[in-house]
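In the two complexes that follow, subunit A is the common piece, with subunit B as its partner first and subunit C second.
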Partner chain A sequence: MNSSFLRISIWVYLAIFFAYLLGPLVIMSITAFNSSSFPRISPWECLTFQWFTELFHDQRILNGIKNSLIIGMGTVVLSVAMGLAGALMLTQIWPKLRATYYTIIIAPILIPGVVLGISTLVFWDRINRMLGLGADSVLSNGVFLTVIGQSTFIASYCMLVLVARLQRYDTALTEAALDLGATHAQAFRKILLPFMRPAIASAAVLAFLASFENYNTTTFTFGEYPTLTIELAQKVRYGITPAISALAFIIVALTVFFALLNEAKLRRQELVAAARRNATVQDLGGKIRLPGFFAGNMAAVLLVVFAVATITVVGTATVYSPDQCIANVKEQKRLEAERRIQELRKQREEQRKQREAQEAEQGGATQSAPKPSNNSGFGGVFAPGALGGGTDAEPEAEEPPKGNGGFGNVFDPNSLSGDQ
Partner chain B sequence: MPSFLKEFFNRNGTGMGLTILGLVLFWTIGLIILPQLSMLDFSFRPNLPPPEIGGPKDVYTLENYKYLIYGPEGGSQDYNTVDLRVFFRTLVAAVCVTIFNLILCYPIAYYLGQSKGSHIRIFAIMLIIPYWINEILRAFALRIIFGETGVLNTLFTGLGIWDTPFDFIRNDIALYAGLGYAYILLMIFPIYNVIESLDRNQIEAARDLGAPWWRIHWRVVIPYAKPGISSGCTMVFMLSAGALAAPQILGGPSSLWFTQLIYQQFNDNNDWPQGAAYAVVLLVTCILFVLAMMRLFKVNMGDIGK
Partner chain C sequence: MSAGIGVDLENLWIRFGDFVAVRDANVHINGGDFFSFLGPSGCGKTTILRAVSGFLEPSEGNVLIGGKNMKGIGPNKRPTALIFQNLALFPLMKVWENITFSMEIKGASAAERRKRADELLDMIALPGQGDKLPSELSGGQRQRVAIARALCAKPDVLLLDEPLSALDLKLRQHMRTELREIQQRVGITFIYITHDQGEALTMSDNIAVMRAGVIDQIADGKTIYNDPATAFAASFVGENNVFRGKAKRVMGDEALIATNRSGELVARISTANRGKLAEGDDAMMFIRPEAFSVAPEGASGDHFVTARVTHEEFEGNVFNIFTEGDGGKEIKVSIPNHGQSFKDHTGQNITLEYDTRNAVVVPAGELAAE
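After this line comes the complex of A and B, so read on.
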């Protein structure tokens, strides 16, 4: 196959793919700045920041964020601890049990979130009843149930992240520490934990994000403590406003920022490592020039561009006032509505006249012998044969005549709007 | 004490060993196994008000499962056609979403896995960013696009391709696009991981021997990537059959997803045992289906986790 054709088709495919992936997010972010009260891009009305103001005054959203943070922290602690224990167990378990054990701890990833939520709810409700506690005990508390329910499967993610690093751990290090007189707890804290720190950090971030965006499990367990996701779902289901787009824009911006920051940092570390590797011993002796933050680091450049853009936008938002523009749009809408009403009124008038004329015609038709409709003198207003049916003629007349009603261009919408 | 437990405590010390063992047991038994069994048990019980639970009326019954198949007792129809239709529609649609995602993601995963360069890293970030955005917000974004006055309808009516707005939501196109959108990453990464480790020489050898590009994929790349493909498909199928947010936000008013029925049983009808029975049916059917597919395509369970 022609290789240039293949190359082009790959790029086209990539473009379509990323348009599908990123397009919705971009469009949603843009709608946050349109003053139209329904989130949309076109017609574009005014650039506005009012939806952000509205968002920051929404008590339910703020409360949801608070609950999400509390639940997220609980989930991070519980699932990283369980994930680490699970990973340690996996490296040491009796080989015959290993496959079964692995299936059990990996299963929560595949079990639908709905099922996890229901089973958590049902199980702890039963425990609660067996212990004879009331409906307001800790075990039926929304925060507790949500943390437990989410940790069930988030711990599996953490375990996968942690076990990947644990496999590279040299157990001789722990043994050496024990030989030198450390207790097991000390060896764990001073040797294993520092080695695992990067993996623990990424597991914690992953756990927090997974907890923050979880819906399926939380929707059965949240009780009196709706998280941000639950509040969003309620809002989206019962009427959507651009305030949600504003929230989405903030989340997208934060995500992009941290992704770029992380990438820039990684890239810099790589460049530094490369420079060290290529340097001679003399260079390392003191005058090695590490690559700057920007050199050969696209992510860093993007990061700075992004930061500047954010500052500009926020700066504009504080001084910009879209009141004049919104007033204009409102005025335009009023005129438009007025024009529509007038148009409608004229149309009704016309229909009424037509109906009268038609009734007169029908009256004539019943008296005289039925004639072919072409001869009725109405030209092409009615479909041929419509009159022959008698009763069929009524619905046909509902259709407004378009331009050929004999009124010239008086009712052309443009002629009216031109006056105003 | 069994020897492996003794060894375990020798290696980790009593305190640490007990902590690890306690956490693992709490997770596996307290959070995974017992709740599932409890749900299974609950699904065989009648729906009773709290004071009567544990009383003489609290006996095992198949009533909740019968309800799914035959509908309410004394109902006008022989079978519960509404719920059964929703159930099969959910499964069929989940399969379609999975196939769609596989077709969409395989070329990308192959491209990312086989090419080198710094732009691959940027692509990877672009892939991950949508996945960090809240599930609800992703569905909301698609609703803006597919709505009656949404971007697509404005565009197409503006260009004069359609006269009247096309109702994407009522025709479930928005729902399928949303489900596919939500799980792209779960399809790409397993396939990418496997293809990345494929030796390029194998492809070049096939090319030197005169194989056309489609045969290289059919005979070399796809057999090699089978574990990745099967774990991607398993995840996407299970998650889209169990999805709740996307059908609630993007589904048409007349079409339900099976998880929505479960949700209704729990929150609107307050019939927990019935909801639990539906959840059990969903879980068991999905697992059986995945196992059957794995047998059909000769994939081992052990390959999935790789």
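After this line comes the complex of A and C, so read on.
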């Protein structure tokens, strides 16, 4: 009884925890498929893939992705190389200096990215001037500066990952290689580097992701090469559309895909290792019977399910047309808006009649205060009267928002009315 | 086996800061010998090995391999191959890749390497195991792979740094004979580092006994066991009973020792100390447990020891009697078991007899820690 209560509590806790972690991502992903021009899931209007189309036609986003990929790759190469050098140095250095060296190497992680961005810009600008180069030289190029700026701290992350692996390295292995006649370069390439390969792969992935999502350093250094994060930030300033949700959905899907792929591979390796361990001598003489790819490999099964689902969705998207549904929704909204306008007209009429009656009673004494609501901070946007706009507003003005307002017209009176 | 390449250490000193790891070592190792450095851990024997293999530059003195001075020549250019204490097999390479690593770096083709690996795998009695990873082998198999890897490099001198210490007793004893056989087959010089006197005695042509950076004695196993040069060599190699005292009289090869608690006893002066031990010097006399026999009651003289028995134990092949000894140590007497009946002497006095040729006197010195 008590233990079952505990178990239920744990499940409830886990549910809340994962809802907190993944909820926003799920909601955002769903909004990518709603035809509503502001990202939201209720009211659900129509299933649509138009935001993906829109995303792939947005040159700025595409350009941002391209720049992010170039900068990401540059950062991976530079950071992993510097991180590996730093990690090797850490194991070689005189033990008494090690703690100091470690602190210095780790410091960039603790420095705010903004500071790194500004300092990178200032430093390389100085160098550029010292060398007497113009504003269009390599040293003031946005890609170069961003790669350099991001690597200043991403290299430290890489070093941490690499040091962890390097600490498990037995230096006797290098000595053994030397003893067998290898040069230092050969020992490094044939023994240490293969040993470090998994950690180098992790560090590369980490470096790429850190570079891809970086904003606060990049914002100072990007020059003429805005990355995806910079483009997104600039876009959101002028209003958010579900096209951004579509991008988010694609990123989430790719992440899940690669996570599953990695997991499936790891699981596979484990199974193969187990099979080899259990193999008898006779088995080894011939061929070892290795387990099938899917046997006991949940991640691989999920991976295939995921891939099939993706293909299905893409297939549906090419033939599916939500035009009829969107037209219906539009028509509905128009009718709704018309009905509201009628109501408002009636209201106005009544108010006008009242006012006339009052004016008739009081004379011209209160003529200076007819529109008090227009003086409020929000420019009267929340005033109930503002819904009426001008008495002679055209019905077209009440059409669904075009997404030009800040925050996607979230404060637009029409959005409010739509939720009622 | 004179064909092999010899190794010489000339006035070798190795210092780490103020610490002297090796003090003035002079060793001549014959080509084709199985030569052991025997000593407790921390005595500097691994340091000597690293100096021979080239991982360490001597502070003073020279290492000569085949008469050639090795100064300034790196480990990858020396005709030596080292078998590491932890073996240091490359964990990510298969067994055959491990074995032929020395060929790979010289650019040999995979087929060539495969062929050589199969030959060596046959030699170490692991045929068909080339495609396994080192982690999939047992301790003894890994051991043999490490030997094959070192031999594949065709070294003139094979250096072994306590390679058997990680194995269990049975396997260790088996590997002893195997190592000796391999050495005799390939005919190259083996330099073997160990703290296990059993390993050193069974395998080696010659042994250097080391203590705290100093080489105490270099000789073959029998000489070291029967005719130790120092108190340390006597107490470190094999079991020994020590009797402290002063040399009262020196008579040619023999000396009369006034021991602290067992009266005056006669013993042979060890070869290295003849003519050096003077009357009145502090001396130590050593008698092996198996050199004693129980004497008839009442016998006395300069080769009889009388002491009270503290306890006895039956070990199977021998019967051990422990009596009160010198300086808090017991005297151990081992009597071979020929099926005779043993009388329990516990608590009684017993008289022990020895042949003076089997008792050896050296100048007083440091004993090996137990």
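Here is the rule we go by: the second predicted complex is superposed on the first by the 319 of 420 C-alpha atoms of A that agree within 3 Å, B and C clash if a C-alpha of one lies under 4 Å from a C-alpha of the other, contacts with A are read in each partner's own complex, and residues count from 1 in each chain.
Note that a contact is a pair of C-beta atoms (placed from the backbone, for glycine too) under 8 Å apart; a residue touches a chain by one contact, two chains touch by 3 or more.
Everything numeric here is computed off the predicted structure, so don't read it as measured data.
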- Task: Superpose on subunit A as described above, then tell me if subunit B and subunit C fit or clash.
- Result: fit
- Query: Between subunit B (first) and subunit C (second), which, if any, makes contact with A:Thr183: first, second, both or neither?
  - Reply: both
- Query: When the two structures are overlaid on chain A, which partner does A:Ile191 contact: first (subunit B), second (subunit C), both, or neither?
  - Reply: second
- Task: Based on the superposed arrangement, let me know which partner A:Ala172 touches: subunit B (first), subunit C (second), both, or neither?
- Result: second
- Message: For A:Ile105, using the defined touch cut-off, is the partner it touches subunit B, subunit C, both, or neither? Pick first, second, both or neither.
- Response: first
- Message: Going by the contact rule set out at the top, does A:Ala85 touch subunit B (first), subunit C (second), both, or neither?
- Response: first
- Applying the touch criterion given at the start, work out whether A:Arg276 contacts subunit B, subunit C, both or neither, answering first, second, both or neither. second
- Could you look at A:Ile240 and tell me whether it touches subunit B, subunit C, both or neither (first, second, both, neither)? first
- Item | Per-residue contact with subunit A, leading partner among subunit C and subunit B | B
- Look at A:Ala201 in the shared chain and tell me whether it touches subunit B only, subunit C only, both, or neither; answer first, second, both or neither. neither
- Could you tell me if A:Asn216 is touching subunit B, subunit C, both of them or neither one (first, second, both, neither)? first
- Message: Please give the least Cα distance, whole angstrom, that subunit B and subunit C reach in the superposed model.
- Response: 9
- Note on the structure: Both partners, subunit B and subunit C, contact subunit A at residues 183
- Residue set of subunit C touching subunit A in the complex reads 53-55, 74-77, 80-82, 84, 86, 88, 90-92, 101-102, 104-106, 128-129, 131-133, 136, 149-150, 153
- Item | Contact set on subunit A toward subunit C in their complex | 170, 172-173, 175-183, 186, 190-191, 194-195, 276-277, 284-285
- Query: Along subunit A, where are the residues that touch subunit B in the complex?
  - Reply: 1, 6, 10, 13-14, 17-18, 20-25, 27-28, 31, 38-42, 81-82, 85-86, 88-89, 92-94, 99, 101-116, 118-120, 122-124, 126, 129, 148, 151-152, 155, 183-185, 188, 209, 212-216, 219-220, 228-229, 232-233, 236-237, 240, 244-245, 247-248, 251-252, 255-256, 259-260, 263, 267, 298-299
- Item | Residue numbers on subunit B that touch subunit A, as the complex places them | 4, 8, 11-17, 19-21, 23-24, 26-28, 31-36, 38-39, 42, 50, 53, 104, 107-108, 111, 118, 121-123, 125-130, 132-145, 147, 149-151, 154, 158, 181, 184, 212-213, 234-235, 238-239, 241-245, 248-249, 259, 262-263, 266, 272, 275-276, 279, 282-283, 286, 301-302, 305
